[in-house]
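Same chain, two partners: subunit A is paired with subunit B first, then with subunit C.
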Partner chain A sequence: MEQSGTSALLQGVVQDLASGVAAALRGGGPAVFPGGVPPEEPPDGILIAAVRVLGADLLLPHVLLHTPPAEREVTLLRRAVDAFTPAADAAPTVRWSHWGMSRGLHTAGVRYGPAGGGPGAEPDAGWLDETSWQALTHRLAVLAALAVPGEDCALARGAQRRVVDVSRGFVRAVRRRDWRQAAGAGRWLAVLDGVPETLGLGSGLDFVELMGGTDPVVDLQVRAARLIRAGVPV
Partner chain B sequence: MTAKEWTIDEVAAVREVDLEEALDPAEPDGVYRDSRQCAALALQSGSTTLLLSPPTPRPKKG
Partner chain C sequence: MTGPRLLHTVGVRAIEWLWAHRDGFRLETDVDPEVGFLERFKPIGELAQVCKVLFREGVAGSQQSRLARQLLDHVWRETLDGGLMLVRGQRTEPFSPVPFEVYLPFRELGYSQPGIERAATLNHRLLSCAAFETTATRRLGMSAFQRRFGLTPRPPEAESYARTWLARTPEPWTVEGHTAYDITHAVFHLTDWGEHPDRLPADAAAYLETWLPVWIDDWTDLRRWDLLGELLVVDACLPRPTLDEQAWQAFAAAQQPDGAMPAVREMPTGDPDEVFDIVYHPTLVAAFASTLATSRSLSDLAAAS
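So, the complex of A and B:
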C-alpha cells in the first residue's frame, strides 16, 4: 500500500519511538530516545501525533520493569491524550487505545481522568463477542498496548473469553506473514489463560521475531510478550 | 532523518493528518509463506505442529 508523504513521515517517528521502547525493554532506562534527546528529534506536533499512535506502550517498560517513568514521557503521553480526544463515533480501536493511554497515565501515578479519579468509563466492548475471529485478532493486535499483566478491563475480559479464537488468529497471521498482527496477537496470548499447548506460542514468537523483527513495532511486541511470559511481577 | 530535513510544510501536514488510518488500520493483504520459510518454521517449532498444518484455502476470485 502506498503511503502519503505525511503518513510515511509519521510512521517513521512511530518506529523511532517503538525502537526506544524495545531498547528499554531490553535493558531498562527511558523509553523515549534512550541515551538522551538526539539532535534529530522531530518537531513537536509530529512527535505528539506519533505518541498517540504508539499509545500506552510509551510507558510499557515502566509497567513491566517497575521503573519510574521519566517526566518527559509522562508529559508527552498526557499531551497526546489531550490533543487527540476521540469522537463519539470513532472506531473501537481509536476509543480503546485512547482509553488505554489514560489508563497508562493513571497507572503511572499521574492523577488523570475525571476529577483525577481514573481513566473514565470504558468504551463499548460488545464487538468483542460479535466479530469474527479474524477481525477480532486484527483489532486486538492493533490494541496490543492494552495487553499487560493484571489488566482488568472489558477488552481484556473479552479477549480471555475468546482465547482459542485469538490463538487461531495468531496462526492465521503467521501464515499470512502479517508480522505486526502476529506479534500483537502473540502478546495478547502471553497475558491470557488457556492458550492451547499445541499452539507452540514460544516457538511462534521466535519465528515472528526471525521473520519480522526488523520492524521496531514487531520487535517491541515480541519483547513484551517474552517478558510477560517470563512472569514479570505485577 | 536530520532536523534540517523537516520543513514547515511537513509539520503543518502532520497537524492535519487523519490519525484514523494509523489508529484503525485496515488489515493488509496476506502474503503466504513459501516452502523455505515452512522449513525454517519446522526447525523452530520443535514438537508443535499447529503452525505447520496445511494452509487455509485462499478465497476464489470471480
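So, the complex of A and C:
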C-alpha cells in the first residue's frame, strides 16, 4: 500500500510540474508551481524524483522562450541530476534523459558536468539505427525532452535519419490511443526535417490534444511541438 | 522479407479448403425478396476473380491449378447452371451491375453467357447507369469492369479514382476498418487485381509505401485476418513489396489445419453454412495474397540471380 501510495503521489507531482511547464509555455513565468507554492508542498524526495521523471523539460520554457530560469528551477534540476546518476548498465533512455538534464543545465548557463565543461560524453546511440520503428518511437517519445530546436547530439541525428519511421510511430500511437507516446513522437517530428507531408502533423497534434490533452504531460508536449513548429528563435 | 515457401503454402491450403467446401457457394432461389436473389452471387464472383489471378500469375503447382479449375467448373455448371442463374438474376434485378460483375471474370477465363453480355451493353448506354449512386471506390470498380469488358467507362476511371479516399492521400492516422477496405479495393481496381502494379499512380504508391507498414502492424496485432490479407495484397502491388515477415508469420499461423482462414481472431463454430459465409472471404483473400506475394517473391529472386 505504501508503495502504491508513493507512486500515486509521485505521478501527481509529475503532473503538477508538467502543468506548470505547459502554463509557462503558454504565457511565460516560472515553470515550477506557477501559482505559488501549493498549500502542501510535496515531500522533498518526491519532488526531486518528479523532476527526474520530467527531466530537462523543467527548463523548457526558458529554452523555447529565452527567459532566464528561476533559481529554484535550476536548483531542483541540479539536485535531480546529482541524485539519480544512472548505473553503468542503465537502459539507453535512462542514460539519455539524464544526459539531457545535464545538457539543460549547461544550456541554462550553469557550469555543470566534468570540470564544469559540459554535460559529458553522449551515451551510446547505436540502438537508434538497429531497433524497429515501433520500439524506436516508444523510446524517442520517452526522450521527448531532448527534442528541442538546434539540438545537435547523436540522439537527434539518429532521429533525423529515421524521420519516416518516427512518423509511422506517431500514426501507430494515435491509432492505439497512446496519447503520451503520440505527443512525444509529435514533438520529435516538430524538430525533424523531411516529415511526410501526408502525415498531417499539425492536425495530428490538434487531435492528440483533443483526445488526450487533459493529461498535463500530453499538453506539455503538444504545446512544445506547436511552439517549435511556429519557429521559435534558436 | 518472407520466403516463398510460407507464402505459397498459405494459398495451397486455402484452395484445398475452398474445394472441400465448394457446396458453400450456393444460391437461394426462394429467398425473401427483401434480402434479394443477388445477395449470394458475390462469393461466386470473388472466387472467379481470385482463380483468375491464380492462373495468371503462374506460380501455382499443378495440384493447386487443377483444384482451382475444378472449382470454377463446379460453380459455373452446378451453382450458376452454365450462367443461366446469372440471367435469372439479371431478369430479377435488370439494372443491377452485380450479375455482370460476377460474370466478367468467368468470361475472361473462357466461359460464356451471351444474355448477360447483351444486358451489360444495354445498361451501359443508360443514363441511369452513369447516375447510379454509390461510394467512390465502388464507382471506380464499376468503371474498371466496364473497361475490362471493352466498354468505354462511364465515368472515366481517372474521374472515378479522383473521388476515392486513396486518391486524396489523407491523414494516415484517420484510417479505420471501413476506410482500409476502401483503400484495398481502390488498389485492386486500379491494378486489375495485381496484374498491372505500374498503374498505381506514383503519389498513391509513395503514400502506401510510407503508411502501409503501420496499418499492417496494427491489423496484425488486432488479428483481423480478412483485412490483413487484403493489406498484404496491397503490399504485393507496390513497386517494392516488403512481404513483411512478422505479418505473414501471424497470418499463416491463423490459418486452420484444413486451410480455412478466420475473418477475425479465432475460427467460428456452428452451422456449416454459417461458418462458410463467415470464412469463405478471408480464405479467398488468403489465396489471393499468397499468389501475388509468391509471384513477387519469385520475381525478386529471379532479379537477384
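Just a few scattered comments:
Convention: the second predicted complex is superposed on the first by the 231 of 234 C-alpha atoms of A that agree within 3 Å, B and C clash if a C-alpha of one lies under 4 Å from a C-alpha of the other, contacts with A are read in each partner's own complex, and residues count from 1 in each chain.
Going forward, a contact is a pair of C-beta atoms (placed from the backbone, for glycine too) under 8 Å apart; a residue touches a chain by one contact, two chains touch by 3 or more.
Because the structure is a prediction, the values reported are computed rather than measured.
Residue by residue along subunit A, subunit B and subunit C are tallied for touches, and B comes out ahead. In the superposed model, A:14 lies in contact with subunit B only, and not with subunit C. By the touch criterion defined above, A:164 lies against subunit C but remains apart from subunit B after alignment on the C-alpha atoms of chain A.
Judged by the touch definition given at the top, the superposed model places A:46 against subunit B, while subunit C stays out of reach. In the superposition on chain A, A:207 contacts both subunit B and subunit C. Legend: residue contacts after superposition of the two complexes on their common chain; A:91 is shown touching subunit B, with no touch to subunit C.
In the superposition on chain A, A:138 contacts subunit B only, with no contact to subunit C. Contact with both subunit B and subunit C is seen for A:175 once the two complexes are overlaid on the shared chain. In the superposition on chain A, the residues of subunit A contacted by subunit B and by subunit C overlap at 134, 171-172, 174-176, 196, 198-200, 203-204, 207.
Remark: subunit C residues 169-173, 175, 207, 210-211, 213-214, 217-218 touch subunit A in the complex. Considering their complex, residues 133-134, 164, 167-168, 170-172, 174-176, 196, 198-200, 203-204, 207 of subunit A touch subunit C. On the subunit B side of its complex with subunit A, the touching residues are 1-3, 6, 10-11, 13-17, 19-25, 27-28, 30-33, 37, 40-41, 44-51, 55-56.
Those residues of subunit A that touch subunit B in the shared complex are 1, 5-7, 9-12, 14, 39-43, 45-46, 49, 52-53, 84, 90-91, 93-94, 97, 134-135, 138, 142, 171-172, 174-178, 181, 196, 198-200, 203-204, 206-207, 210-211.
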